[in-house]
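The letters A, B, C, D and E name the chains in turn, as written, and every chain counts its residues from 1.
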Amino acid sequence: MGPILEIENVSLHFGGVKALDQVSFSINEGEIFSLIGPNGAGKTSMLNCISGLYQPTSGSIRYKGKDITDMKPYERTALGIARAFQNIALFAHMSVLDNIKLGRHTLMKSGVFSGGIYVGKASKEEIEHREKVEEVIEFLELQDIRHKPVGTLPYGLQKRVEVGRALALNPELILLDEPMAGMNGAEKERMSQFILDMHEVMKTTVVLIEHDLGVVMSLSHHIAVLDFGKRIGFGTPKEVRENPDVIKAYIGEDTVIEGGKTW
Amino acid sequence: GQDSASPSTSSDSSGSDGKRTVVVGGLYDITGGTGDVGTPYAEGEKAYFEYLEMKGGVEGLNLKLIGKDYAYQIPEAQKLYQELRDKEKAVAILGWGTGDTEALRQQVASDQLPFISASYSENLKNIKESPYNFLTAASYSDQGRAILKWIVENHEGDNPPTLALLYNDTAFGRSPIEDIKAYAKEVGVEVVDEQVIDVQATEAQSQLLNMEKKNPDYAIIQQTWGATSTILRDAKTLGIDTQFIGLNWAAGEGIIDIVGADVAEGYMGILSHAFPYEDMPGMAEIKEYLDAKGKTIDDINQKFVQGWVAAKIMVEAIKIAAEKYPDGDLTGPQIREGLESIQNLDLGGLAANVSFAPDNHAGTEKIRLGIVKNGKWEPITDYFSHND
Amino acid sequence: MLRVNNLEAVYQKMILALRGISLHVKEGQIVALLGSNGAGKSTTLKAISGLLAAEDGHITDGTIEFQGEIINNTSPDQLVKKGIFLCMEGRRIFKDLTVEENLYAGAYTRKDRSAIKKDIEKIYGYFPKLKMLEHRKAGYLSGGEQQMLAIGRGLMAKPKLLLLDEPSLGIAPLLVKEIFDNIKKINEEEGLTILVVEQNANIALSIADYGYIIENGRVVMKGEAAALLEDKTISEHYLGTGKGLKKGGIYRRRQRIVW
Amino acid sequence: MRNLFVRECGNYKTSYKKDMKLFGTKSEIIKWLILLIILLTLPLYASNYWVGLLTLCAISAIGAIGLNILTGFTGQISIGVGAFLGVGGYTTAILTTTYGLSFWISLPLAGIVTALVGGLFGIPSLRLKGLYLAIATLAAQVIITFIISRWDRVTGGTAGMVLSRPVIGNYVLTSNASYYYLTIIILMLTVLYSVNLLRTRVGRAFLAVRDRDIAAQIMGINLFYYKVLAFIISSFFVGIAGALLAHYTMIVSPELYNIQVSIQYLAMVLIGGLGSILGSILGAIFITLLPVGLTSVVDLLTAYMPDLYQLFSAFKEFVFGLAIILFLIFEPGGLAHIWQNIKNYFRVWPFSY
Amino acid sequence: MFLLQMLINGIVVGSIYGLVALGFVLIYRASGALNLANGEFVLFGPYICLVIMTSLNVPFLAAFIGTLIFSAVLGLVVERLVIRQLQNAPTISVIMATLGLSSLLAGAVHIIWGHSTRTFPPVFPQTPLNLGGIIVTPVYLWSFIIVVILLIVFSIFFKFSKIGLAMRAVADDRQAALSMGMSVKFVLAVTWMIAAMVAGIGGILLGNINGVNPTMSAIGLTVLPVVILGGLDSVIGAIIGGFLIGIIQNLAGGYLDPLVGGGLKDVVPFIVVLLILMLKPHGLFGSRGIERV
């Protein structure tokens, strides 16, 4: 399968800070792709460029062959790019159900008139999409908490709801920024399974940022490594693991990499 | 539902003493933007009703004034008006400002409640549009015309007199402007400048500097005390020698208090009503009332007199109506008839005598002009009008 | 030094988050607090540092004793003065303040103003990245950089008891190791007592003297750190062997039909 | 989100359709029917005065719902409602008086014109947020009233314009009762519309924009569109309220629409409960009737101590402020929350502890 | 000359705006809220000053200091009884509470001092100063001097004091500030005290210009354009914003009013502010809200 996303010479500067410096890589359709690197390397910034929150200083981003560099964030969402954030960005006062329903915003149609009148079109649509939302809820095993306001949930569950919200979009490309931060081994395994399911069952392309190398190595097909905004490594897990630059900057000489046990 | 348009009072409003109850509603500004003058005015109105009661009341009537503070918030005035009309069963209203009087004009017409307010807007003279509004003093336009007449008669110098108009951007402020300009043209006074100065202004230098460029001989001020004081003080600061003349709300004791005798010296103004310290026959009643209350004329001011006079005129009308219609409850239209039959009511010099007629709701066109001398207002004319 | 007895806490008068937790932290120790999501770890730390009220939470039963004194109802600022400092979950750095100002904020209750400057340099020594970002507004830092700042801020306070809530969150592996090494060093050199909440049980237990595991607001297991590390149920649950799930280097997909 | 009609209890729903119904249970339907009957028969037993007051409450409620859509649901504070009421009022005044249009046509037009003006002043929301936006709406207030008072030829300037009551066939809605019916029906339509809107796609987007605009963008929500849309919908209702008010009081003048009015409306939604339709209604009633209640107290006191009238009037202002503060301190969730608590209390009543 | 006079007028008038705006900025910095009762705080100052002057028969300066003390107490009481109770409430509730407060304080002023205008005995020299053809009233000159002094004092204060840092931290994240050992109560109390004092000073100056009367509190709303022009959280912004609005008003009054028939003085600031905000959404000196994901 060909590339779904092509990053070409993307740079991003904030004043004097070069958060990204001439970064290029491409992501194949249907794969699990990981982005790793030390803190402040520019991983989140890269996701922000892909989802349109930041405008690259130079370079271009192509999605399915189409240049999306200048598109607005919501336009990219409509193309099927979804995202879960590093710092949880849920709507704290809304229920889990409503949060996930929001993910379906672009797929729904009701507007000012039909929504206000409700009977007829809008209600049919609400019910239809409610079914889809329930599927996501079931997939991520969130049944018990569907009516709870997300603000009161523990950190780990909130992370899961966020993934759910992104999934509800029926995305072709899903960007996950440290979805397993703050989880223990068992929980990480569960999240890994969800990601695998996304990949295998839903055929979604997954871009993953994660510091747990065990998880990264066992999940990903390809990995890009950033440091100080520059791409210092790229390839399969094996290639990356053996790349001396990567070892020096990120992995460390004597690190044992094993599922959930990275130290 | 009931017919809200009927202002008639409920059937058994006459008390056990066989007297007919007549409720007059009052709308006051006590805590609002014009509270400084609204409070003594309201006191004057209430005082007159108390005075009446002291003197044994009106034969066969149980007269009551029920007044409420609307804080110069017009929506609030509308609410209170409904309350007066529906709950208190008022058959006539003593109102206050221009904004609320205008806002209620249509309503009082359809409710048929006679309405006397402290606003002397020329609009209210129009019987067709405002069939239930009455003016107890010369309208702002007539005040302006009278000033113009005085200017024409007293102007010294070779060139024709020039005039500026200073007002604020409210219904009150703008009310007389067009009329004054029209009349000025008629009598040959040139209006060389107009300046809008906000009611709350604490400085008006740009406006006064602009005015100074035109160097008018006179400037008419249609403002309340605050902005008037600002104008006088800044004019003094800038050394402007135009003769300022205020309409009735821009005159009064407050100005002198605020800017000080020094700055106020020489300022002229319309005296629509008498000052308590003036020796007028009409003051006797007020003094009697104050004595009974253990107060003196130092406790009241011109606005008190103004309120007193408004109440007195309303009561006069009620008396006439009560005589003419001895049976049943008094209604708004009957009181209107009463008002319309008032002829040359002598107010003992507290204000110009008033007369109304079915085709004339402007009680008078007469005013006096006064000037500040040694920290005190002194009349320089007797009651006169531009028609004299 | 710190003794928590049978602590119960509720949020919004109805959500019972702690159901009788008891802990004991001895002077000079590092104690690890483990447990899955929603177990009540953060709530325990918030209760100790008096910050529950800010989230509409209350202690309903039990006591917290610090150096022999009951501190249940002491206000947070008093507690900091007494020497208890919490590095809150989720970084909570001051976005609009610069990195340096954030560090100064950490030293807010300290009296020895002259030593502060020196200590800031020391923090920069631990986290060279922060030195580079000294005058940047903290809100613009990356997730991991913010986490470093949060820890640095905690050290600036020079507390007697430092409470750390998931210090490794979002930190790159090399640095995690460094941070924990540093924590151990500070503990040993300066005798700082530390109560640390971690998801990365391995690393937490490796530096800790003692560990507690809580679930559903209760302590379900406790013991010497070394012993816990060896415990089988623990490694299955909290360390995540990953072994049973692996299949050819890739996690086995759950066997269930979806969509 | 506090929702007017959704009752969160443990009853088991068999389908999503049922789960999403406005009036779930039979007893709920009966309850709402009773309320409806009470509202519709009110003029039969309430005094004329009260019918008048309730009309004002209903008009304010329409405006407050409008403002709540903007402020409560979308998180954009507006201090310009007063002026938008004015736009509605003046539009209908001009259309009916100058152009002789029927009230029934001019009413929706007033809403539409206000919506457009509101949308225009919503454009700064592209860049402004929070209090900066709030003060920008204050600018709308100042600019609009300035234009109204200066556009003499069309608006009659500071003197204002006179309107008449609406007519159905040959029947003029002069009486308080007839006008009450008009406003209460429009209020009901407003409530129904907004409750529905807010529980569907657009409403969720509004909430998302309010809570976290960046995340909302990533959910595919066009921030600018929804922010301006909120201004438009909100202003539409405010415009309708303005038009209703204008025909009720039969006059429009610039002084009627000052900043105090804006602030009062803000008070309504805050006291009532941000983001609650029911709250908007309760808030409108509270802010409209509190001064009335206080006036009665003042009247009562004055009857005994007539000389202290001035003092009592000032006291009214004092107590008004105090009431608001006490409210916020003891019930930050607003009236809607109190209502919820009362309901909860009675639902489990025999068994409550 | 005309232009110069307008400019100078703008600056001196603007200095009072700046002073009142400063009150807003202080509260905003510590709590992120707009203090809608600021106008009433302004109102209390001159009344108290007058009471002290007339009842105790002390010179102006003593009364001035007495007023500052009273204002501080007022600020403290307000913080204690109202703001502190809302510690965990959303900002908008705090704003609403200040609105209630404004009504309450206005009511109190009406109850205590009635409605009539009171005037100060001449404190500042009455004769206008003539600075080479430009005429300035001494009161305004004084307010200009005071504003400049306050500007310097506050800049130093925020730069170097711990409280200054704590204030910003508290506004940023209250819970985190608590965890630093900052007493939110103390910080808020100090802020409200200072804000009330600043407002009191502004009020006394205003009172010396045109007497005191309850309508004076309107200045609270009048200066809102100033506050956002400068930036809600910027001390220097408040003051420069004050000057700018003063100048804009006077220039509009001087040059545009004659063209449109007047009345622009109060509208133009809003139009200008609206335009500037479109370019600088956080005012000229306000700090940009940071939003990272």
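Methods note: a residue touches a chain if its C-beta (ideal position, glycine included) is under 8 Å from a C-beta of that chain, and two chains touch if they have at least 3 such contacts.
Note that the coordinates shown come from a computational prediction; the quantities given were computed from them, not determined experimentally.
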{"item": "Chain E reached from chain B - shortest hop count over touching chains", "value": "1"}
{"item": "Contacts common to chain A and chain E (chain labels)", "value": "C, D"}
{"item": "Identity of the chain that, by mean CA position, is farthest from chain D", "value": "C"}
{"item": "Chain of greatest Cα-centre distance to chain E", "value": "A"}
{"item": "Length of the line joining the C-alpha centres of chain A and chain C, rounded to whole Å", "value": "27"}
{"item": "Whole-Å gap separating chain A and chain D, where each centre is the average of the chain's CA atoms", "value": "41"}
{"item": "Gap in Å, rounded to a whole number, between the CA centres of chain B and chain A", "value": "73"}
{"item": "Rounded Å distance between chain B and chain C, as computed from the means of their C-alpha atoms", "value": "74"}
{"item": "Chain E residues counted as touching two or more neighbouring chains", "value": "106-107, 110, 114-115, 261, 263, 266, 291-293"}
{"item": "Numbers and ranges of chain A residues touching at least 2 other chains", "value": "44, 53, 85-87, 89"}
{"item": "Residue list for chain B, restricted to those that touch at least two other chains", "value": "30-31, 39, 169"}
{"item": "Pairs of chains found to touch, sorted by chain label", "value": "A-C, A-D, A-E, B-D, B-E, C-E, D-E"}
{"item": "Of all residues in chain C, those that touch chain A in their complex", "value": "11-12, 15, 34, 36-39, 42, 89-90, 129, 136, 140-145, 147-148, 166, 169-177, 199-203, 206, 236-243, 245-246, 249-251, 253-254, 258-259"}
{"item": "In the complex, chain E residues that touch chain A", "value": "292-293"}
{"item": "Residue ranges of chain E in contact with chain D within the complex", "value": "28, 34, 36, 82, 85-86, 89-90, 92-93, 96-97, 99-108, 110-111, 114-115, 221, 224-225, 227-228, 232, 260-261, 263, 266-267, 270-271, 273-274, 277-278, 281-283, 286, 289, 291, 293"}
{"item": "Residue numbers on chain D that touch chain B, as the complex places them", "value": "43-44, 47-49, 51-53, 56, 146, 149, 157-160, 162-163, 174-178, 180, 249-251, 253-256, 260-261, 264, 288, 291-292, 295, 298-299, 306, 309-310, 313-314, 316-317"}
{"item": "Chain D-touching residues of chain A, taken from the complex the two chains share", "value": "51-53, 72-74, 77-78, 82-83, 85, 89-94, 98, 101-103, 105-106, 108-112, 115-118, 122-123, 125-127, 130-131, 134, 147, 165, 169"}
